[in-house]
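In the part that follows, the structures are each spelled out as structure tokens.
One chain, chain A, links the two complexes that follow: it is found with chain B in the first and with chain C in the second.
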Partner chain A sequence: MKLLTTNFIKCSVKACESSNKSFPLKYSNDCQLELNFEDDDEIVQSSYEFLIGILDKIEWEALLKVCQDLGNNDLPPNKPVLNEDVSNLNDNEKLILKQLFNLLVNTEIVEGSMSCDSCEHIYQIKNGIPNLLLPPHLS
Partner chain B sequence: MFKTPALSKDIDYDYVYDPSEDTFLLMDCLEKDFKEHIIQNHKKKGNQSTVSLEIGSGSGMISSFIHKNCIFGKNNIHLSSDINHLALAETVKTVRLNTTDSKELLKYDCLLTNLFDGIRDKMVDYFVFNPPYVPSEVVPEKDDLLNLALEGGLDGMEVTNALLEKMISKLNDNGIGYILFCARNKPNEVMQKFNKKSKATKFVMELVEKRKCGWEVLSVYRFIKRE
Partner chain C sequence: MSNPIDFYTIKDNQKKEEEYVHQVYNEISGHFSKTRYKPWPIVADFLKTRKDFSVGIDVGCGNGKYLQLNKKLFILGSDRSDGLISCANDLMKEKEKTKTETLSKEELNEGFTSMCFGEKRCDIMVNDGLSLPYPNNRFDFAISIAVIHHFSNEERRINAIKHIGSKLVKGGEALIYVWALEQESSRRGYDSSMEQDILVPWVLEGEFKANKTENELNKKSREGKKIIKERSKPDLSTVPKEQRSEVIRLWKEEQSEIRRIEAENEVKRAEEKKQQEEELKKKNTKYRYYHMYKAGELEGNILQTGLFEIVRAGYERDNWWCVCRKI
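Then we have the complex of A and B:
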């Protein structure tokens, strides 16, 4: 699962629906990551529009928390505000986008687990697929 | 016309739903709506990137079709989900098989879940669902993997009804969902009832296309959430 996807998912348990502790899930420190660092600027550039557009949807606080869980403290504390016109980006903005690219869509959580801060239910991640299904007594 | 995705030769159809008329009708509807509807809808979203979700992706044919042809635009990340881990493994295989370049997989991911469970509210801009729509006495048990993809309980509507309820909070403003029905689901009655509540839910249900497929009449409906 991509690191970006951690921003889309929360605890499946019905009782946790209204709890603000059910998002983001807490990622265990034994999560195995696959980091693919992309050096080809053309590939990064082809994702500029997508990345700028997805920033709107991202809960930055949650992303920071998940990154901390996984041992990455490199993100700025506030969501970057970027120029929406991709032909007009400055060098610093391009650098931020490259960092976001490698983090959000180029980092995979391959194995590990995540848990809910509210009900403490543990969800497994296997072969890169998060399992959000619940056992019968919880569904 | 968009190309139909290829499937791998070794799918075990004892556990995974074999694509048939319903699958093809859904793909035809997506292609038609892409030209007539989705592009227009995208303009409302401005520069925002979108998230699409296929619920019950099975063999992966529809997810692969969506992903490969950028049905929901090029700034969209597509997610496939299924309740059946064997099906989800096939979905991933099919999507990969139809991808020529690993770069294309940057905007794709998958998860094992039931309907919208575990998805954050208002996160989904587009969803597609080919439900278990065959009427049956009960909705099959969770370990009855193949029948779970086919049978939908009373009027074949129990699973679809559960989804419709959850959709209200999960779909983003200006979001669109596509759901397949068969005649025995009584989609006309469903639509009348659903649209009566339009004011409160802000959702509208509309017919995209109806087709006679052998002894079944299948139809695809579009669910739009207005701002």
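Then we have the complex of A and C:
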């Protein structure tokens, strides 16, 4: 599971629908992360375009919280504003993009668990795949 | 075990779906996934025409064949079957590092965006279509291909569509495909007068097939066949002359008894073999529940959610499809 995905998933429990504590989920500190370095220039370039493109959709507060859960406190406190033309970035913007690329796209949670701050239900991540199914009594 | 007769005795809809949809997909996932690789043109076209850098969900993504068609999208794919999600994961892992195109030359020529696996922009997970773990009003689009027809009553089908709608932003579009009752031209020959709620057999083949019956699996290695030493003539060398005719008579009787038993065994073995073959066929046939949609029914379900307006709808390859927009 990519770190980007954590920004789009919440608790499955119906009763947590209205609670603002069910998003983002809380990631346990024993989560195993895997960083896949990508150095193919073409892919890096298109990934930067992709990141600038979807930055709009990211909820920054939630991202900061998940990164904190996983022991990364390096992100700027506010969502950066980036030049939309990827060929015309300044050094600072390039640095931020590289950081976001490694964090959101290249980092995967391969084993671990996440839980809901509202109902405390725990969901497992195995072999990189999160399982959000609920036991019968909760579904 | 999904037995077609038991289905009609199950009253609980969730239990029906558990036994006749979820379990079956887990049992056939490997074989099923191998038969699902070519994207359907209308689905591919829907994905191709999404706004760049929008975010979507694929509810019931199966082996994930639609997740990597357009590299300017971020798609979360999910399925109720962990067997199918595991197939999707294997397919992605297989090619992730190779930077191989996910599309064929023909598809690239048809104008689809190319994506190589090195730039995977999707993710997969196991979840339930009626309890999707996604924030409401957050996604730009959704697809649900050949999924809604597995919910076992109309209320659940409408709720499933409504639940997808709840995840979309206002103006977000969904493409939904369901199996059509009207498929006169297909080999199944279903037509509009037939029963809509049916069990459809899936027969496991090739490497996915079970070759042993439960009985054979439980039995320890077979006893070696007894070799009956048969002599063409009785040994008369030690028999006094006057008794020889009696010995020969007894020997002949014994021989005919042996032949009779042998013939009986032959019939028994043939029966056993036939029974085993039938048992195997049964073991390799899995029944999935479907609600086959009639013309107009899908649009009806969608409108009943109160969340959507219809953008366009049609029929393609034995399926009804509809693009709808959240209002």
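Quick note on the criterion: the second predicted complex is superposed on the first by the 132 of 139 C-alpha atoms of A that agree within 3 Å, B and C clash if a C-alpha of one lies under 4 Å from a C-alpha of the other, contacts with A are read in each partner's own complex, and residues count from 1 in each chain.
The working rule: contacts are C-beta pairs under 8 Å (C-beta built on N, C-alpha and C of every residue); 3 or more make two chains touch, one makes a residue touch a chain.
Here the structure is a predicted model, which is why all the values come from computation and not from measurement.
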Clash or fit, chain B versus chain C on superposed chain A: clash
Touched partner set for A:84, first chain B, second chain C, both or neither: first
Partner chain(s) touched by A:15 [first = chain B, second = chain C, both, neither]: neither
Partner chain in contact with A:106 - chain B first, chain C second, else both or neither: first
Partner chain(s) touched by A:122 [first = chain B, second = chain C, both, neither]: neither
Partner chain in contact with A:4 - chain B first, chain C second, else both or neither: both
Clash with chain B (superposed arrangement) - responsible stretch of chain C out of 26-34, 224-232 or 278-286: 26-34
Chain C-contacting residues of chain A that also contact chain B: 1-2, 4-5, 8-12, 23, 43, 46-47, 50, 53-54, 56-57, 105, 129-134, 139
Chain A residues touching chain B - in the complex, by the definition given at the top: 1-2, 4-5, 7-12, 23, 43, 46-47, 49-54, 56-57, 84, 105-106, 123, 129-134, 136, 139
Complex contacts: residues of chain A adjacent to chain C: 1-2, 4-5, 8-14, 17, 23, 38, 40, 43, 46-47, 50, 53-54, 56-57, 105, 127-134, 139
Chain A partner contacts - residues on chain C that touch it in the complex: 52-55, 71-72, 74, 76, 78, 80, 82, 85-86, 89, 99, 116, 118-119, 121, 123-128, 130-136, 138-139
Of chain B, residues touching chain A in the complex: 47-51, 74-75, 77, 79, 83, 85, 88, 92, 103, 106-107, 109-114, 117-120, 123, 142
